[in-house]
Structure formats: C-alpha cells, structure tokens
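Same chain, two partners: chain A is paired with chain B first, then with chain C.
This part shows the complex of A and B:
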C-alpha cells in the first residue's frame, strides 16, 4: 500500500522516455497516459523525460489580454509555447530539467488531491535533501506558477533562518533566499490522477530570463530571484543524479518495475 | 462539515442536479471544499449535447484541474457566466449562485439521493 494511493498495492512501472521533439506532443502524452491508466490499459506509471525548451501556459493564462505577447516572447527566447491541461500558471523548462508524470488509478481521485500535494511534495523535497540540498515545501512569495506545495531549496547562507529541529512535513513559512526547484500540478479524472512535476536541476538562467518576459507580458507578479536550479545550490548536481535519487526515493515506498 | 442538500440528487462524480425543467447542474459542497479555491471553470456551450457520465467541462482549483462530468444526457440550455467570470462563487455558494449550467434532460444517468451521496462521501444532509 503506497502513501499516495491507499487503495492500491500495485507496483509502479517506470517509463523513461525521450523528448519527441514536439513539446505539445510530449505534454499530450501525459494526458494520454492518464486515460490509459484510468482504463486499465496501463499499470500505475512513473514517466520521466528531459524536455525540449518549453513554456507551458496554464489554461487561465490564455484568457489574459497579454497571452499572445507572452507566447511570442517565449518563442523568441527559444521556448515553444504550449497550453497544459494540468493546473497552475506559466512554467518554463528545458533539457536541464526533469519532467515526472506520476499516474495512478483511484476510485475517488478528486477527494485526495490535497493529500497528494502534501505527500509527494515532501517525497520530492526528501529526494533533494538526499543530494545535499536544504529543501522544503511551501510557497515562495513571488515565485512563478505559485502553489503552497512548491518544493524549494535554500542557499547555505540562508540555512540559519530555517527553524531548528530540521525540516518539517507540509507547507510552512519559507525563509528568505529560497528558490523554487520543483513545481507540481495535477490533472484529475474520474478513476485516475496525474501528478505532474518539473524538477529544475541545471542551467536556471534561461528559465529566469524567459519567465521574466512572459510574466511581464501576462501582467502577473514574478520575482526572478525565486527561480533557481539544484546546481545553483549544490554545484555539480545533474539531471541524471536527480533521476537516480528520485527512483530510489520511490523504491523506498513501493516496488518499482521496468525502466 | 460540508452540506448535502436533501432536495437535490447527485452523481458519483460530485455533480448535483435539481428536479426543474430544464434541470440545473452544479458541483457539491463536498467537492468544492475538497478542491479548495476554485480559480477557473470551463463549461459546455449552449446547445451542446452532453452525455451522462462523460466529461463536459473542467474545474481548476489552485494547481489542480478536474474534469466536470454530466450527471444526465441532454442539451445545454444555459450556462452560468457569473461562475465563469468569478469561479470563487463555486466555493461560496455551490448550491445557489455557483450553479454551472442548465440542461434539457433526455436521459438520466445513475443518480444518488442526498443520503446515499453523503454516506459515500461525507457531509451533512440538510
């Protein structure tokens, strides 16, 4: 029985894919996977891939008057503008990030979504801690695609501002100097859920740059100092290293097959 | 505790429907409370045909998008533009101002009484 799906004892099938070269198609593959897991065509699945440069807008963003200008700004910076079917505001990712789509069947998918944010956010923070980062869960004021279960990291100089007693589970007040490292969002259908996350590991500068232009066009608040990558905090951290640590963290919870 | 109105019937996917003609549809307070702050609603268009048990729209709370399911089959007569413009009313008044659309019913899907819905999902029947 897993923490995030008490009704299931099924192992999680690891599915590493390459980027297709079409960011919209890569996003759609996650939605397609959700349908396949819902119907029983595929087992519970953990899909991982390193994406091409993409600016994934939320559906709400499309209704803003500055959306067209924001999409043009993204394209001009080399990030393909797409609209994603999971929740949240605009997020940017590229080959220095890892996309993780965790998909499970669930008889009552809607009612558990807050608990999934809490449990998987903490799992991802613990994964980053295993790589030496001071990581925690909580919304950073001014972050892109804000959410109370975003996973952040702290630079060494900010560690003294962390509360004594070590990291606590669940959202909390985030110390100054934190940078967002993992954004999480969900898509829920009757009978299944997709928990989609972006781990920013390497090369944060282009992400800060394109998000500055995009959020300016959308007329939404964004503080570029809050966008970072794991390697900014622990130099030398790589996507491959993060991927191995994440699989190991999942394997502590339940059986992982495939991959 | 979330309210479950005894005057309504419910789908397993958390939509409510009244007994009027055309029938009014919304999401239960149990679902609205579980979702958290609703920030975006996408509804079927007027004149569209909906099918019981199939997705007909979307509801987004902070960072989570859930499909909206039709509790009955039929033709959409009216949509609540106020819910589109101000989705927070789904949290504030899910059985009143937060209704989503009305539908001319051609066939009912499997519907639950308030008691049956509350037994399965929690909430106080009123």
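This part shows the complex of A and C:
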C-alpha cells in the first residue's frame, strides 16, 4: 500500500523510455498510458523519460490572445510548442529535465486528487533532499505553471534566514530565493489518474529564457528568478542521479518492478 | 421525452468551481453512458467528466473558458423516445454509439432487465436509486461503474448496457470483472451502501431529482450532500444520507449530521452481512468502500494509542523537522565494552548507556539541541534552553510506546545511566511508572535497533528539539586503512527541529556522537 493510494497493493511498473524525437508523440504517450492503465491493459506505471526541448502549453493557454505569439516564441527558441492534456499553465523542458508520468487506476479517481499533489510533492521534495538539496513543497510567488504544491529548492544561503524550513508535509510558506524544481499536474479520468511532473535538473538558463518570452506573450505573470534547476543549488547534480534517487524514493513506498 | 440535467459534480477537497476547458460533445450528438463529455480544470487537475446518461445532447450549459460552480448545470441530455419499455432489447450493443434510443435502452436494461423485465422502462434516475437497494446490489456490482468521485455511471450487466469500446471485456460473470481499470472500478462503484446512488444528486444542490439528475418530469426530493468527504463518511459507515435530516442551509447534510447518525448507530456497529454469495463483489454495508474488502474490525483510538497519536500529530504539525544520518563503525566500542565486561561483568554498562553518555557529552557541546520552542499567546516565540538534560528514551511496552525520562542525566556516569535506564524500563514494562517517570525529558534517545532496522526518520518527542536514533549493529564490509574489513556497523539518525538550529549544528552533534562510538578514546576529554 502506498501513501497516495491506500487501497492498492499493486506494484508500480517502471517504464523508462527514450524521447521519440517527436515531443507531441511523447506527450501523447502519457495519455495513451492513462487509457491503458484505466482499461487494465497495463499495470500501474511510473514512466520516465528525458524529453526533447518542448514547451507544453496548458489547454487554457490556447485561448489566450497571445497564444500564437507565445508558440512562435517557443519554436524560435527551439522548444517545440505542444498542448498538454494535464492541468496547469505553460511549462518548458528539455534534455536536462526528467518527465515523470505516474499512472494508477482508481475507482474514484477524483477522490484525493489534491492529496496526491501534497503527498507526491513531498515525495519528490524528499527525493531532492536526498541529493543534498534544501527542497520543500509550496507555491512560489511568481512561478511558472503555478500550483499550491510545486516543489522548490532553496539556495544554501537562505537556510539560516528562513523561519520554518526543513521537510514538512504539505505546503509551506516559501521563503524568498526559492526556485521551482518540480512542476506537477494531473489528468483525471473515470477509472484512473495521471500524475505528470517535470523535474528540472540541469541547464536552467534556456528554460528561464523561453518561459520569459512565452509568459510575456501570453500576458501571464512570471518572475524568471523563480525558474531554476537542481544543479543551480547543488552543482554537479545530474538527471541520472535524480532518476536513481526517485526510483529509490518510490521503492521505499511500494514495490517497483521492471525498469 | 425526458431531459436530464447533469450538474457539475463535486470535485472534492473544498474546491467549489472548475473552468470548463473543452466540450467533447456538441448539441445533437448521441451520447453514451460513460462517454467523456467535457474537460474541466481545477487546481491543476484536468478532469475528464463522463456522462451518467445516455441520449442526445440537449444543451451545453456554458462555453469553454467559463467557470462553473459545483452543483450548477453542466449538460442536459434528452433521452430518446425509444428508450422506454425496451429493456430487453438493448443488449449486446457494445460500442455502437448508435444514437440515443439504444443508449437509453441499454442503461435501463442494466438495472431492470436481467432481474426483472418489468422494470426495463425505468428511467436512469430510478435505476440509480434502485442500485441503492441491497437486493439490487448484485446486479449493480457488475457494471462499468466508472466514477470520478462518489458518483458515476450505474453498474449493470456488461451485455445489457451500452458502453463505448474500451477494452475487450468478457461476458458479465458474477463479481468483479477483469483486472484493474474498468473492472477494478466496478468494485468500488458497486460498493456503495444506501445513499451512494443518490450522491450525484447530492452535488445537484438545491435542485431536485434522483440519482443526480433533475428529471424534469419528476420531482423526487434527493438528499443534499455537497461534500464528498461527508458522502464518503456516510458510505463508509453505511449511513443512508437520504434518511437524514440535514442541518445545513436548505437541508444540506453536514458532516455533523452524518457523525451523529454514526454515533446513534454505534451499538449496532457490526452490520450483519446482507445477502449471500451474490454480495461478494461488495455492496454490503460491512465492506470497506475504498477497497471492497470485508471490514474486519473498527478499533477506537483511545488510551495509550490515543496519547501517542496526539503527540505524533502535534509534533509533525508544529515542528519543521529535518533528519541527518550517518553510518558508524562501532567495533571499537563493542571491544571496549567486551573488555570492561571481562573485568567486571556485574558493573558493565549496556551499550545504550554508553551511547547515552556520549549523547550527553554531545549535548553539552551543542546545547541548541537540548531546547524547546515556546509560543506565547501573541504568537511570539522563544527558544528555551536548560541547565542540564533530562534524557528520555523510547521504550516499547505491551501497552505501546512510552518515553521514560532519566532526570538530571547530565550528572550521571555511564553506570548511573545504565542503572536508571534499567529501573525505568522495568517500571514502564510493568505499567508501574509514575507520570513523572514518563515525562519531562528535554532530549530523547530512540533505540529502534532492537527492532532489527537500520534507520528511522523519527518523529520528535514534542516539545523537544531533537531525537537521536540508533539502528541495529550488524556486520558489514567497511574500509579500514584502505582495506576492506568486516566491521560491526550501526547507523545513527538525528531528527531535529529546524527552527532551533541549522543543519551544521545538527550534523556537528551527530558527528560528535558518531566519532565517540567509532573511537571512544577521543571523547575522554569531554567526560
């Protein structure tokens, strides 16, 4: 049984994939997986891959007047503009990030959807902490793709100045200087849910840059200082390292098979 | 022709609205039960909403981009004229998607047909209610029952209702169909006790209707419950919300109403299993709604368990803790102790006492960890530090976890600590410890190694600032002077209140204790 699904004893099947070269296809594969897990064709699955440069817009972004300008800006920066089926606003990722799609069948898939944000957010924060980062859960003022349960990291210098740091379950007051390290979003269908996350580990500069242009075009608020990567805080952190730590963190919660 | 209006269902966890992101159907489209009709987004969850009705889309209540409140109309579906009285004909129509009439028929047949042909003409809404009747549960349990939260499409024989093709499904056998996904979902959706089937209507707020619809031609009052948590609470305790008089606005059933009903029903807590083998796929009030498993027991949290639960909750809720840990080669300490024991077996302190002695020396160096935070009425906080240490140590007893306290531990030698730990442990195990023996500690030592584990991200013994854990001591490969050696290794973990100090202090303390264990000679100067 896992924290986020007390009703399930089923192991989580690890599915590491490479990027196909087609960002839209890679994104769609997550939705396909959701359908397969729902129908029972596939077991509960943890899918991980390092994506090609992609700007994943939320469906709501598409209706904004600045959308086509934003999509052009993304393409000009080498980030393929695609529209994702999970919630949230625009997010950018590339080879220095890890996409994690956690999919499980659920009889009442909406039950606990916010709790999943909290619990999995905390799991991801603890993963980052195991790599030496000072990570926590909470919305960062001015972050891209804002959410109450974003996972952020703090520079070492912020350690002494913050009032209530340390690992805490649930959102905390995010101290100044925090950067977003993991964005989380879900797609919930009758019978299953997809919890999709972007871990930004390496090379945050292009992400910061393209998000600045995109959010500017969309007319949405964004503070570029909040977009970071794990290696900005702990130099030398790699996607491979993060991937290993994440699998280890999951393995503490339930059985992981495959991979 | 009946037009049914489906309200935006409760999205749970206090969310009261959602943005309509996209319609997946348009007016005039035939729609099948379970067919996704819209995508709505709330708090970073994109939700694909399935239709509980079959028929033809009559009206879409809102445009993409609009925000809809929970309980407000989302879509209206017109049942086709052919949908009534043909309960036995709509079978085997898997995946046809062929128009409203067949769809409606299928749905009706699901509940009525197989058991009782005369009810084939029931409306969907009535069928939903029928599902709440225990005698109908066996039939209910076999449907797709895809749900999002507390509502969903009715169950029914797979062959007797129309669904969209999803995966190959066998004919409906008794009980749960197939693997996870739709099959697993059916177990749950079938699980509801009385009242569950009304839950769709619950979200329908002040409107009337049964099974979640406003059935325009009919006007049966439905129980009003908005919160899914309340619905779930009621379901878990087999409370029929329809039978409750809600104390909220417009008769809204509140958590308190359900709790009162649970309390009133408490003496009859163990519900007799209703039905026999046909109940296997749940549907019985004594089965757990979340898992579909029969309930084995409900154990009130009280006594020591309750005290532990409260202390743990308070600690985790108030203390922003962090944990540091390190592996330690304890071979030298074990050898030292073996030497002492050979010389004077009766007076050799136990390992825990020796480690306690090192801990006390470490606290003298890092007094920040021997403090507590006090919050005044105005919210201001102070870090309170002490002259001296009352050392708690976690002890497992038959009655649960207790933390006996060695008062004035800083004045005691390892031998003195050993005697006190032994005395207090015996008292606690016998249940003879006085309150002062089990309270007042300023720092806690946690010897979970006795359970055969290495590490624990322990919960701080509120309101202290830290807890030091000692894992089992086990032989491991260890590098000594560049050579691989087999050493007796343990793991120390320190969980500390990050408000009182930073990682450097915590790590410094932990390193101090670890060094003392690894090389006891180094600590002599501090003892």
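What we mean here is this: the second predicted complex is superposed on the first by the 256 of 259 C-alpha atoms of A that agree within 3 Å, B and C clash if a C-alpha of one lies under 4 Å from a C-alpha of the other, contacts with A are read in each partner's own complex, and residues count from 1 in each chain.
Assume a contact is a pair of C-beta atoms (placed from the backbone, for glycine too) under 8 Å apart; a residue touches a chain by one contact, two chains touch by 3 or more.
Every value quoted in this text rests on a predicted model; they were computed, and no experiment measured them.
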Per-residue contact with chain A, leading partner among chain C and chain B: C
Chain B versus chain C as contact partner of A:187, first or second or both or neither: both
Chain B versus chain C as contact partner of A:59, first or second or both or neither: both
First, second, both or neither for A:148, with chain B first and chain C second: both
Contacts of A:114 with chain B and chain C, given as first, second, both or neither: both
Touching partner for A:10 - first (chain B), second (chain C), both, neither: second
Chain B versus chain C as contact partner of A:88, first or second or both or neither: both
Doubly contacted chain A residues - partners chain C and chain B: 58-60, 85-88, 108, 110-111, 113-114, 117, 145, 147-149, 184-190
Chain C contact footprint on chain A (complex, rising order): 6-7, 10, 35, 37-41, 43-44, 58-60, 63, 85-88, 105-115, 117, 145, 147-149, 159-160, 163-169, 172, 184-192
Residue ranges of chain B in contact with chain A within the complex: 12-14, 31, 34-36, 39-40, 42, 55, 58, 60-67, 69, 121
Residue numbers on chain A that touch chain B, as the complex places them: 58-60, 85-88, 108, 110-111, 113-114, 117, 145, 147-149, 184-190
Chain C - residues contacting chain A, complex: 9, 11-15, 19, 21-22, 34, 36, 39, 41-48, 50, 64-65, 145-150, 152-153, 166-167, 178-189, 228, 232, 290-291, 316, 320-323, 497-499, 502-503
